[in-house]
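Next up: the structures, one after another.
Both complexes shown next keep subunit A, but they swap its partner, so subunit B is in the first and subunit C is in the second.
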Partner chain A sequence: MSKTHLELPSSLIEIEIDGSVVTAPKGSTILEACRGAGAEQPTLCYLENLTPVNTCRVCVVEVVGSRALVPACSRPIEPNMEISTDSERVRHSRRMVFDLLESSVDLSLVDDSTRSWMERYRIDSPSDDDSTEPSGERVDRVKSYHVSHPVLPATVAQPVKIEDDLYIRDYAKCILCYKCVEACGPDAQNTFAIAVGGRGFESRITTEFDVVLPDSACVYCGNCIGVCPTGALMFKSEFDLRAAGRWDESSQTVTTTVCSYCGVGCNLELTVQDNEIVKVTSPLDHDVTSGHLCIKGRFGYQHVQNR
Partner chain B sequence: MTTDRATATERESVDVVLGSPDSGWSGGARASSDFHIARGGFHQAQQNRNMLLPALLALQSSAGWISPGGLNYVSERLGVPPAEAYGVASFYALLSTELRPPRALYVCDDIACAQIGAEQLISDVESFVLGDPEAIVIRSPCLGQCDKAPAVFLQTAGGEDAAVAPADLSIVRQAVIGNFPSTVHPSDTFGNGPSFLLHRVGEIDPTSIAAYRATGGYKALPVALEAGPESVVAEIKASRIRGRGGAAFPMGFKWEAVAGADDPERYVVCNADESEPGTFKDRVLLEGDPFSIIEAMTIAGFAVSASKGFVYIRGEYPLAISRIEAAVAQAEESGLLGDNVYGSDFSFRIQVRSGAGAYICGEETALFNSIEGFRGEPRNKPPFPTQSGLFGKPTAINNVETLANVSQIVLQGGEKFTSIGTAESTGTKLFCLSGAVEKPGVYEVEFGMTLGELLEIAGGAKGEIAAILLGGAAGSFIGLDAVDLPLTFEDTQAAGLSLGSGVIMPFLVGVDFEAVVQRIASFFRDESCGQCVPCRVGTVRQEEALHRIASGRNPDTLNEEFVLLDDLDRVMRDASICGLGQTAGTAVQSAIGLGLIGGSS
Partner chain C sequence: MFGAGGGTSSYEEIETTDLIVLWGSNAREAHPIFFHHLARGMRNGAKMYTIDPRRTTSAEWADTWLGIDVGSDIALSNAVAREIIVSGFANDGFIAHSTSGFDAYAASVDEWTLERAEQVTGVPGTAIKELAHDYALADTAQLCWTLGITEHHNATDNVLALINLALLTGHVGRYGSGLVPLRGQNNVQGGGDMGALPNKLPGFQDLEDDELRGKFEATWGVDIPDKSGLHLSLMFEAMECGDIKALYVIGENPAQSEADVSRTRRILDGLDFLVVQDIFLTKTAEMADVVLPASASWAETEGTVTSSERRVQRVRKALDPPGSARDDIDILSDIARRLGHNWAPQTPEEAWDELRSLSPMHGGMSYRRLEDHGGLQWPCPDEDHPGTQFLHGWLWENPLPRDPVPFFPVEWVPPVDELSDHYPIRLTTGRRLDSYNTGVQSGGYRSPIRDTGALELAPEEGTKLGLEEGERARVSSRRGSIDVPVLFNKNLRPGLAFMTLHFPDDVDVNVLTIDAWDPKSGTAEFKATAVRVDKI
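This part shows the complex of A and B:
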């Protein structure tokens, strides 16, 4: 019997990830291809329902033929691309990015997945043992050198902005991932109440002239809270409970329901603690909301609690 | 939007740039007709957005700051959300979003001026304005006047911007009250052979198209129009000319890619945002031979079938901006620009855009964002400008000096051009010599001359050289053992160096290199756009480490600091979005390699 060589369907292309040949749909990003192949990558500024801005650089991978590392979240795959997600260069850059963020921003509320990536890339973590670094000097180095020196390193520490009863803005936790700006702007709400202002390390998320939210274009949809990866933007209810030391995720339940305000049919996930709604979200993969809500769905739950 | 309203002066200044508002929907007085028809909308806002920076510059120039009322008016006129307009305004160093005195004196304290008395000038100027509520002194990064150091840039509310160099207190005193030196001291230019780029500079009246034409100007354009676009691109390719802005990309490949693009709408952009510390060659060309750049851009437009071009000039170059604007106007009057160039079917227009104080806008994709009215943040590449550049269209973007070569390539043919220079670095190159040299200025020499030979032509150093900065703040320090290095793209690359923008700045024995390197590090910290983590935080940590080393607080941790600096250099080089972050640690690493800092060698 003659052998029939079957070409791949034209919509699939072959690439190599960490030595294994995999196929992925044409037009996928490296991140999508990695995830499809079961090779999960760390991300901070990436979210499925937003345009990738590739600013955090924590998803960088090494691509043969490319001088610098490339962001997996936004680079489309090309046929026969050879990608390394765990080379010494990749590990070094990811470790440094986490380290630079941790030394300048309060990362105490990042999610568990991010925390485990941070642990994995720490200087003394086992995955770094086989590194090809030229000398043994790094072994002697203190784990977090940024705080071991007499000159204090610059941080973004600043007071929490509490301007209303709906949500707070704690920019000491802001990693400038641009997600809130995208959600406020063209990716979801088209309100454009906030933008990135300033330059360099002094860049910050701001309204015009830093006016308080009620004086800005903000419509309190809370979509910025929904996309924030570090807890910099937070329901006032959650903030107050945390401040009082009473925020207890283990005692919380999540109830999925449909918003009753209008006929659009947005799914709501009501986070409840002690029989009180403390937070309202919507699933990212919900085809009506893509995770976004309006002020009524997000914050208009008080009547439920009238007793 | 806040309720602040613009003053009449602010409105007038914006209207000069944008024209008068056509309805109540765009900031004008409300008429009864406005109540029945909605005007504007997303499409119009998108069309107008590229006028945001010119409008903000007009506000700054008239009021001395970007006031909330002024910002609201610009936002209304252009349909730009106030938060975004504020994000753009607060990005640029020459725009102030806080009320400040009407006269701002930017005194350069960068690495070239620092060698020629910048600190003295700053303290003189500070005591001069002390107690004067009308003036403020601001330390500035390199103003591109390094050969005439020290330099001052003046911004006056309601007046013209001006660069003053060389500056001393008496000149600054006069300049502050509007009395500028009657003739601006031009930069010295030198060469050692036939000059292709500088032959008109200082020789002809740069404001006269007749003088330009009398010295061979506008001879190449009709030749190009006669030959056809393909043949112009072929000659540029045959010349093997590589870009002079720092990246050394072959110009012919860029033009060919744009000429062959699917999208019929294309652009030509001249990158005149020369801001690399120690660089002033493009300013000399723009000020001294502006028509040559206009002619080259017109040829570029013809070659790639573009109908629009932009010249983006750094805001600190007011003379260059006015000379180029005048040249564009004269070329249009003479039928050499505009509809039916030279009587042909080809039409081409050029807009002149001013930067507003941002080194990063010299990065090509940041420059596009800046023209388009967004923050000057670089885009991820690919896609490259030849595929998706200005307004998302295929764009041929070239540095000023690169464009200055176009006419001679068209006239002589690309093959002839390759007879000058070396095999891989064809033509002549402009070098910017400043710092501790006897004769600072712009030097046009053939590629292949050694560093030592060039220094000799420049009269040598003013003393014993400790190190030479090659390529600018993004370049490297090299020792005297490198004097035999041929100044070509290939030789520098083989040596792990870069010609960059052609900066050659010698430093003498006895110079405080820790201070020099700290200034370079703070330059990158100040000029980082802040978009990506490696550069935004890495440049800060780098500066802090150098500060700790210089202050000698803890000699025991010196090695630890060097390891940290090396780690930072690697992550910035590997993971930053653009060339700024990727080269922010280069000079520091080279200084450590030469033993210039840390008190050991």
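This part shows the complex of A and C:
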């Protein structure tokens, strides 16, 4: 049977979002329909170039007729669906997700959009604002669950892993959203160097047998860094600048160009500060890369600044 | 191919094709992001064959790996063709409608029975048969290759052998079916597009065609020599016999990258005058009379490059170049002025617009459109044209709008550097994931997965030679010897050795390689060297 790249024109479906009737192509997710209608939603574990895994629950919406809240990122729309993105129940649930994450993980480096959602829901119910606890107490409490398991759960404060010159892993910032696992695995790189290991409180992103990264199957494409929403995975160059107090986004420029290595033609976004490349990403909507690069494209820029 | 020097397909086609053949390509390491598309194709159900002397990281992905002996590609492709023909699986309708010379081709492959091919290639006849049947019977198939096909003394014949297979089966000129030479450098396609070939003007227009050349002469106001120039290998021959006395090298490092590099260095040393324009003081630049420091063309200047899917994309300036380094266009224009030509200063966009006015296949690619579309694939003749996703769709038009495409029968000729009792091991070279060419660029960053150059041997071969892993051994070819550490690699067979080309300062592999080259393309036979390995 011959395949063809031309699809039939998508039929449009009528749905209701927060009381307004909108149309969206059949097969869209609720999130895509919302975005198409200008109703942006918060996300953490979702990214356009990855398969939705529904772990973070921060994009949940209320659908009439559905007992539970549904994740907008993965639920396809159906005709005449009535969706509420800002009901009391939705706000409460989203706020709880952010609260629980923030109580166990350092969320200081989430992007501006996520930050503004967090603030929005906190303002939404200010009476609970005093619920945060000092981190030391948390660690102690968690330890008490693990008398026979001395391994600290990966979701609490722990040393930053610096194992090479290219990137760092700071799992005190990890929310276990699985994005890095997907990018390392079937959604892009297909290397499968990392996975979620352990159960319950001990769940953590880890390499095979928990070996250091240079000894693992990792090929240093950095696609895990490219998708990390919390700064848990970071360019060493960015980490060092932040540690020195010199990371300054206001003075940075981002320029899109083409990689200087093989002939595939991957677009690179060069983040430059003080005439130095400090980070390399690729546009999510670029047909060639879908936002993913290899080690040379992501880290092989240093030759132009060995001046 | 068929008059246009570019791959026929787009990357997205490999995501939905039925059959993928990687022939002499380790795309997993050499073209990693193309391999993302390929892996998507496999997840969508495509079957994959890899044909490679080494069991590479790409071969680990394949449904079937054909571990071919180095330099026997034409024997294999001719046997595949014969098997397709005798099984009655040739695409007779396509052959009759769109091709010529089939009978002579069929006669030329008739001696290549599965048995004979098995003897010559080392690939079991059953595997050859399976490949032939799968390729012929697939609805769509992508046949991809890289330097394993082209770095041979008969590079062009190797490519023609693969094109013949596509013509035999009709796997060209349709969405999902095509011929895909993966380009090794970010703008090697663009260099050809721009006429950096001895017989072409920009847009693959024949230099020796008076009308086409006249168009350029009228625009540039100068006479252009009316005979084709020399390709790289002929240039070195001309330098060797004194016909060329001065050389201007831009962004290339022949003192480390050429085959039989001792000869290359001797020739460069004998020049009256050597100019090198580069972003670094390379080994070649160290030999130069004049060095012109250039800006890095991917991050310190504006312009365009062309990818393996014929996509022209913008490069942009993100950094100020260091010191006195200057844009290539500025340097060349300044030199032209010193030579007495009145070249007006040109921005990269102005130079590009001039090119568009002279090269029909680039006509519609304004900077504005390249921005808006995220690059455009040639040919793109005018500003209403969307660019061309796959080439040669005309082969399927009725009536055929051009002359049918001829089959080119090709003969198998073994590698020039023959194995003998004294040189019993076949050395082949290639790339690693984290490194690139002679390391001028990739040597600049600290890769956690980099090895620093070794001779890779099958463990049983190393043991037979009395070597231990990590021990330095002497590798010798008919041209020279080098001492290198030995690494055991169970993905190699006895009789086959592998080295990378990335660390010439430590491991000068091209002292060993042979400069036998393809008379049609000028490419040297980097992939097939006869060596011996001795304990020191």
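As a convention for this text, the second predicted complex is superposed on the first by the 264 of 307 C-alpha atoms of A that agree within 3 Å, B and C clash if a C-alpha of one lies under 4 Å from a C-alpha of the other, contacts with A are read in each partner's own complex, and residues count from 1 in each chain.
Simple rule for what comes next: contacts are C-beta pairs under 8 Å (C-beta built on N, C-alpha and C of every residue); 3 or more make two chains touch, one makes a residue touch a chain.
Quantities reported herein were computed from a predicted structural model and do not represent experimental measurements.
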Next on the checklist: Taking the superposition on A as described, I'd like to know which of subunit B and subunit C A:113 touches: first, second, both or neither.
Outcome noted: neither
Checklist entry - Once the shared chain is lined up, is A:267 touching subunit B (first), subunit C (second), both, or neither of them? => result second
Item to check | Contacts of A:20 with subunit B and subunit C, given as first, second, both or neither | outcome: neither
Checklist entry - Of the partners subunit B and subunit C, which touch A:252 in the superposed model: first, second, both, neither? => result neither
Checklist entry - Does the superposition put A:296 against subunit B (first), subunit C (second), both, or neither? => result second
Item to check | Contacts of A:158 with subunit B and subunit C, given as first, second, both or neither | outcome: neither
Checklist entry - In the complex formed with subunit C, which residues of subunit A make contact? => result 1-5, 163-166, 186, 188-190, 213-214, 218-221, 253, 255-267, 270, 272, 275-277, 285-290, 292-297, 299-307
Item to check | In the complex with subunit B, residue positions of subunit A that touch it | outcome: 54-58, 60, 68-69, 71, 74-75, 89, 92-93, 96-97, 100-101, 103-104, 137-138, 141-142, 145-146, 148-151, 153-154, 175-176, 185, 192-203, 206-209, 211, 215-217
Item to check | List of subunit B residues in touch with subunit A within their complex | outcome: 1-2, 68, 71, 81-87, 90-93, 97, 358, 375, 380, 382, 525-534, 536-541, 544, 547-548, 551, 553-554, 557, 559-560, 563-564, 567-568, 570-571, 573-577, 582
Checklist entry - Contact residues on subunit C for subunit A in the complex? => result 11-13, 16-18, 30-34, 36, 39, 43, 139-140, 175-176, 182-189, 279-280, 296-300, 305-309, 311, 313-320, 322-323, 374-375, 433-436, 440-449
